[in-house]
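In the part that follows, the structures are each spelled out as C-alpha cells.
Same chain, two partners: subunit A is paired with subunit B first, then with subunit C.
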Partner chain A sequence: MMIATNAKERIRRSMLFVPGNNPSMIQTCPIYGADTIILDLEDSVAPSQKDAARRLVVHAVRELDFAGAEIAVRVNPPDTEDGKRDIEALKHVDVQVLLIPKAETPEYVVGVDRQLGDLPTALIPMLETPAGVLRGSEIAASCGRVVAIAFGAEDYATSMGIQRTKAGREVFTARCLVAMAARACGVAAIDTVFVDVNDEEGLAADTREAISVGFEGKLSINPRQVETINREFTPTAAQIDRARRVVEAYEDGIRRGLGAIALDGKMIDMPVVQRAQTVLKMAKAAGCDGAGGERE
Partner chain B sequence: MKIVRNGQAGTLESGDVMVIVSPRSPEAGAQLELEVHSIVEAQYGEEIRRVVRETLSELGVVDARVTIQDRGALDYCIRARVEAAAHRATAADGEK
Partner chain C sequence: MRLNMLSAAGREIPDSIAGRKTVAPYRGPFASGPAGPRAPMPASCSRPGENKTLANLKEAIQAVGLKDGMTVSFHHHLRFGDRVTNMVLDTIREMGIRDLKFTVTGPHPVDDLFANYIEDGVITRMEHGFIVDELGPILTRGLLREPVTIRTHGGRPRAIEAGELSIDVAFIAAPCVDRFGNINGADGTSRCGSLGYAMADAQYARRVVAVTDSLSQAPLTRISIPGTQVDHIVCVDNIGDSSKIATGAIRSTKNPRDILIAQEIAAAVEASGLVRDGFSFQAGTGGVSLAVTQLVAGIMQREKVHGSFLLGGITGSTVSLLEQGFFDAIYDVQSFDLDAIASLGSNPRHVEISASYYANPHNKGCAVHGLDVVILSALEVDTKFNVNVLTGADGVMRAGPGGHPDTAAGAKLTIIGTPLLHGRIPAIVDDVITVVTPGETVDVVATEYGLAVNPARQDLLQSFKQARLPVVSIQELKARAEQMAGTPKRPEFTDEIIGVVEYRDGTVIDVVRQPVAWAGR
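Let's look at the complex of A and B:
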C-alpha cells in the first residue's frame, strides 16, 4: 500500500464536518473554504439512516465538484457492521482520507489498513478516550497510511466523567499528549472542535492555544468557523518575512562557510531554521508566500 | 432485484428527494410505474424520470411502483435515494 505522495504534506488548517445524510449541506460546503471536507457517517447520522447516508456520500464523492478541497469521510467505528459497510462502500470512490473514530489501539487502525488493501487512502485516527490518548504514539505509528491524529475532546470528557468548560483546562493535558504523540511520529496533530458556534472570539483564542501546543489544524462543526480557523493557522506577514530572512541568512552563512550564523544580533541554529522553513511551507500551502493576501 | 414491500428514503427538505418504491400487483405484468412530483417539474421532470429509470435499471428492478417527491435534488442525490429505497424494499437483509 502507498498513500498519495502529497498526503502527508497536505495543509489541513480547517477540517469541516458535514452531515452525511444532508444533500443541501453537502452541495454547499465547498464554498466555505475548508482545507478538508469531512462527510460524516457517524455521529451526525441517525442509526436508522446509516444506509441512506452511506449511499448519498458515495454518490456525492463520485459526482460532485468539491472545488479542490480534500475529501475525507468519518466512518462509523470499524468494529461495527456499519463501519465495515462504510469502508467497503467507500473503496469504490475517490475518498482521500478516512477518519477512524474512537481509536484506542494500533490494531484497530491496522484492521482498517488491511481492509483498504492496495488503495491509496490515508487515515486519521481520532483519539477520543483516555485509552486512545495514552496510546497516541502507537496509534500514530501503527501504519504508513496515518497522516495525522485528531483529538476529540467531547467524547474524551464523557469517558473521563468530567464537564467541559470553555477554558478547556480539563482537557489541556490530553490535548498536549495528542500533539506530542503526533510530533513524535512525524504526523500532523488536528485539534478538537469548538462547540460554541456563536463565539468567534472564543474560537480564535481556542485555536491560538491549539497552535501554541503544536497542533497544525482544527476540526470544525460549522461553516462559520472555517474562516477564523484558517486565519489563525496562516502565518502573519511579519512571521513570513522573518522566516524568509532566517532561511536566507542561514543559506548565506553555509555558502560562506561560517561556523556561527547570526541575524539581528541573535544566533540562528538548526531548530530556528527548521521552524522558519515550516512557517514558509505553511505560507506557501495557504497561498500567501509573496503572491499577496498575507495576514497583517 | 425483487421489490416485496414498501421502501422509503430521503426527506422533503430543500435539495433532497423522497422516494417510495413499492411492489405492484403480480397480475399486471412487469413494468415500472413512475409518479413524479417536483417543484421543478416543468424544467427537469424528464431528466428526473431518466435518472430514476437508469438507477432502477442498474439495480435490476423491472417491476415496481415508484413515487418521487422532489425538492430540487441534484442527480447524485436522486440516484442515492432511489438506491436506498429500492434496497429497503427488498427481502434481503444483507446490505441495508
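Let's look at the complex of A and C:
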C-alpha cells in the first residue's frame, strides 16, 4: 500500500462536514474554501437513510468538481455492517481520505487498512472516547495510511459523563494528549468541532486555543465557520516575514559554512527553522505567500 | 397582417397587439422620450359643508358611476393582508357590473380571482406590475380577452401620466382618513407606512374612493394623498389583516451560500470606488440584499463614509442605518416591516415618495437616477446580461419587474445577485425566456462561483482584478451551471401572445407567448 505522496504534506486547516444525504449541500460545498470536504455517512445520516446516502456520496465523488478541495468521507464505524458497506463502495471512487469514527485501538485502524488493499487512500482516525485518546499514539502509528488524528470532543464528553462548556476546560487535557500523540508520530492533529455556529468570536477563540496546544486544523459543521477557521490558521504578515527571514538566514549560513547562525542577535537552531518552514507552508496554502492578501 | 419588429434586446415584437393603440419596440434605455404632454388631471368642484362619507361600497360604486368596460385600480401596500380588493370586487359583481379592466400597482393576491371574477366576466382585462399565486396560470391559459400589460414601478405612473393607462375609478385602501378625505398610511390599525404606489392613481383616476377602517375625527397633519383628489370615503370594519400587512423586522439570511454571495457583492461595491461621501444605495428585502446592506454599512464605518440616501422598499434594517447616522435620508416608496412603518411616522428624515418620483423616467428627475449602487436578484440572466424576473423555466409568469429595470437603468453600478442554480435549474443561460431588464443596464452578475462583469464595463473589470476579486466570465458561469445541472430544455411557445412587457419608457421590450404545453388547457 502507498498513500498519495502529498497526503501527509497536505494542509488541512478547515475540514468541513457535509451531510452525505443532502444533495444541495454536497453540490454547493466546494465554494466555501474548506481545505478538506468530509462527506459524512455517520452521525448526520439517519439509520434509514444510510444506503441512499452511500449511493449519493459515491455518485457525487465520481461526478462533481470539488474545485481542488481534498475529498474525505466519514464512514460508519468499520465494525458495523454499514461501515463495511461504506468502505467497500468507496473503493471504486477517488476518495482521498477516510475518517474512521470512534477509533479506540490500533487493530481497529489496521482492519480498515487491510480492507483497502492496494488503494492509496489515507486515513484519519477520530479519537472520541477516553480509551481512544489514551491510545492516541498507538493509533496514529498503527499503519502508514494515517496522516492525522482528529479529536471528537462531543462524544468524548458523553463517554466521560461530563458536560461540555464553551470554555472547554473539561476537554483541555484530552485535547493536549491528542496533539501530543500526533506530534510524537509525525502526523497532524485535527481539533474537534465548535458547535455554536452563531458565535463567530467563540469559534475564533476556540481555534486559537487549539493552535496554542499544537493542532494544525479543525473540524467544522457549518460552511459559515470555514472562513474564521482558515483565517486563524493562516499566519499573520509579521509571522510570515519573520519566518522568511529565519529560513533565508539559515540557508545563507549553510552556504557560508557557518557553525552557529544568528538573526537579530538570537541563535537560530533547527527547531526554529522547522517552525519557520511550517509557517511558510501554511502561508503558501492560504495563498498569502506572495504580494498582498496577508493578515494584519 | 401582423409583422414582427425587433426590440433592441433582440426580441421579436409584433407590430399590433390586441388592446394596445401602438406598439413601439424598445430601442435603448434612454432612447425614447415622452410622446407629448401629460394627460389632463380630472377637475371637479365641491361645495361648502359637503360630506364625502358614504354608507357603504355599493353607494360609492353608484356615486362614481362605475359601468361595464371601465378600468378600476387598487394598490398593493397592504400586501398579503389586503381585504379591500375582494370587498370591492364582490360588491361590483353583486351589482352586475362586468367587463372591467383590473389594474394593481404590485404583487397582490386576490382570493379566488378566477372563480369569483374572471369566469363570471367581471374582469376581462388586466394591466399589472407583478404576477402572484393563481394569476400566472390564469394568464398562461389565455383566459383574458387581451394580453396582460406588465409595467415597472416607474413605468406604471409614467403610463398613467401619459394617458396610456386611463383609470376610471381608483379604490384606495386607506389606513387612516380624515373627514376631508386626506389619507395617510402611517396611522390607523391597518397601517402600512408609505402609500407611494397609490399616488399616481389618486391624482389621475377620474374618481377616487378611499376605503378605510380608521376615520380620524381630527384633521390629519401627515398627508400622503390629499383630500383634493378623493371623491368619497367608505368606512368598513377592517381593510386588512395587520399580521400580513407588515411583519416583524425582516432578518438577514443565515444561508451560507447567500452569505458568500453577499460578501462577494459587498467586496465588488467597495472595489467600484463608489462608497464615498454622498453615497446612495438601494437593496431589496431578500436575504442576500439585507446581508449586503449590513456589509456595506461595515465598509462605510471602516472608511468613515457618510452616505446621502437609501431608496426603495424599506425595512427595519435600512431604518437602523438611518438612525445610526450612516445616511442623511430614506426615500420610502414602500415600507416592508413594522420598524419601517414606525420610522416613517416619526422620523422627518424618513421621507415618503411617490412611485413617479421613485422611478418614472419621464419626469424632470427621479430618485433612481441619483442612485450609486443597486443590488437586485434574478430568475435567470443570459450571457448578454439580460435579466428575466417574470417567467419561470416553464414559461409561466410567476413574478414581475417591480423596480428592477428602473433601478438598473438609474444606478451607476447595478449588481445582480443570484445562486448559480435555482434548485436544479441553471440561473445563467444563453437566452433568457423573457427580457425584462436589458443587459446594457446590468454591470455585474454575482454568484457563489464568482463575479461576471459586463464586457462594456472594462473599468470595473480592472478595479475588480486589482482588488483580487473572483472574476469569471459569464460564459464560464453558464458552462459551470450546465456542467452541474445539464442544459435545460426550454419550453416551446405558440404564437399566441399572453403578456406584453413594457420597458419603463413605454416601449415594448419583449412579449410573453403561450407555452405549447398550456395551449387549449
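We adopt the following convention: the second predicted complex is superposed on the first by the 294 of 296 C-alpha atoms of A that agree within 3 Å, B and C clash if a C-alpha of one lies under 4 Å from a C-alpha of the other, contacts with A are read in each partner's own complex, and residues count from 1 in each chain.
Methods note: a residue touches a chain if its C-beta (ideal position, glycine included) is under 8 Å from a C-beta of that chain, and two chains touch if they have at least 3 such contacts.
Computed from a prediction, not measured in an experiment: that's the story for all the values here.
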Partner chain in contact with A:Arg85 - subunit B first, subunit C second, else both or neither: first
Contacts of A:Thr158 with subunit B and subunit C, given as first, second, both or neither: neither
Contacts of A:Ile31 with subunit B and subunit C, given as first, second, both or neither: second
Subunit B versus subunit C as contact partner of A:Gln274, first or second or both or neither: neither
Subunit B versus subunit C as contact partner of A:Asn222, first or second or both or neither: second
Touching partner for A:Ala52 - first (subunit B), second (subunit C), both, neither: first
Partner chain in contact with A:Arg62 - subunit B first, subunit C second, else both or neither: first
Broader residue contact with subunit A after superposition on the shared chain, subunit B or subunit C: B
First (subunit B), second (subunit C), both or neither touched by A:Thr173: neither
Footprint overlap on subunit A, where subunit B in one structure and subunit C in the other make contact: 24, 27, 64
Of subunit B, residues touching subunit A in the complex: 9-10, 13-16, 73-77, 79-81, 83-84, 87-88, 95-96
Footprint of subunit A on subunit C - complex, ascending: 254, 256-257, 259-260, 421, 423, 448-449, 468, 483-484
Residues of subunit A that touch subunit C when the two form their complex: 24, 27-28, 31-32, 64-65, 222-224, 292-293
Interfacial residue positions of subunit A with respect to subunit B in the complex: 22-24, 27, 50-52, 55-56, 58-60, 62-64, 85
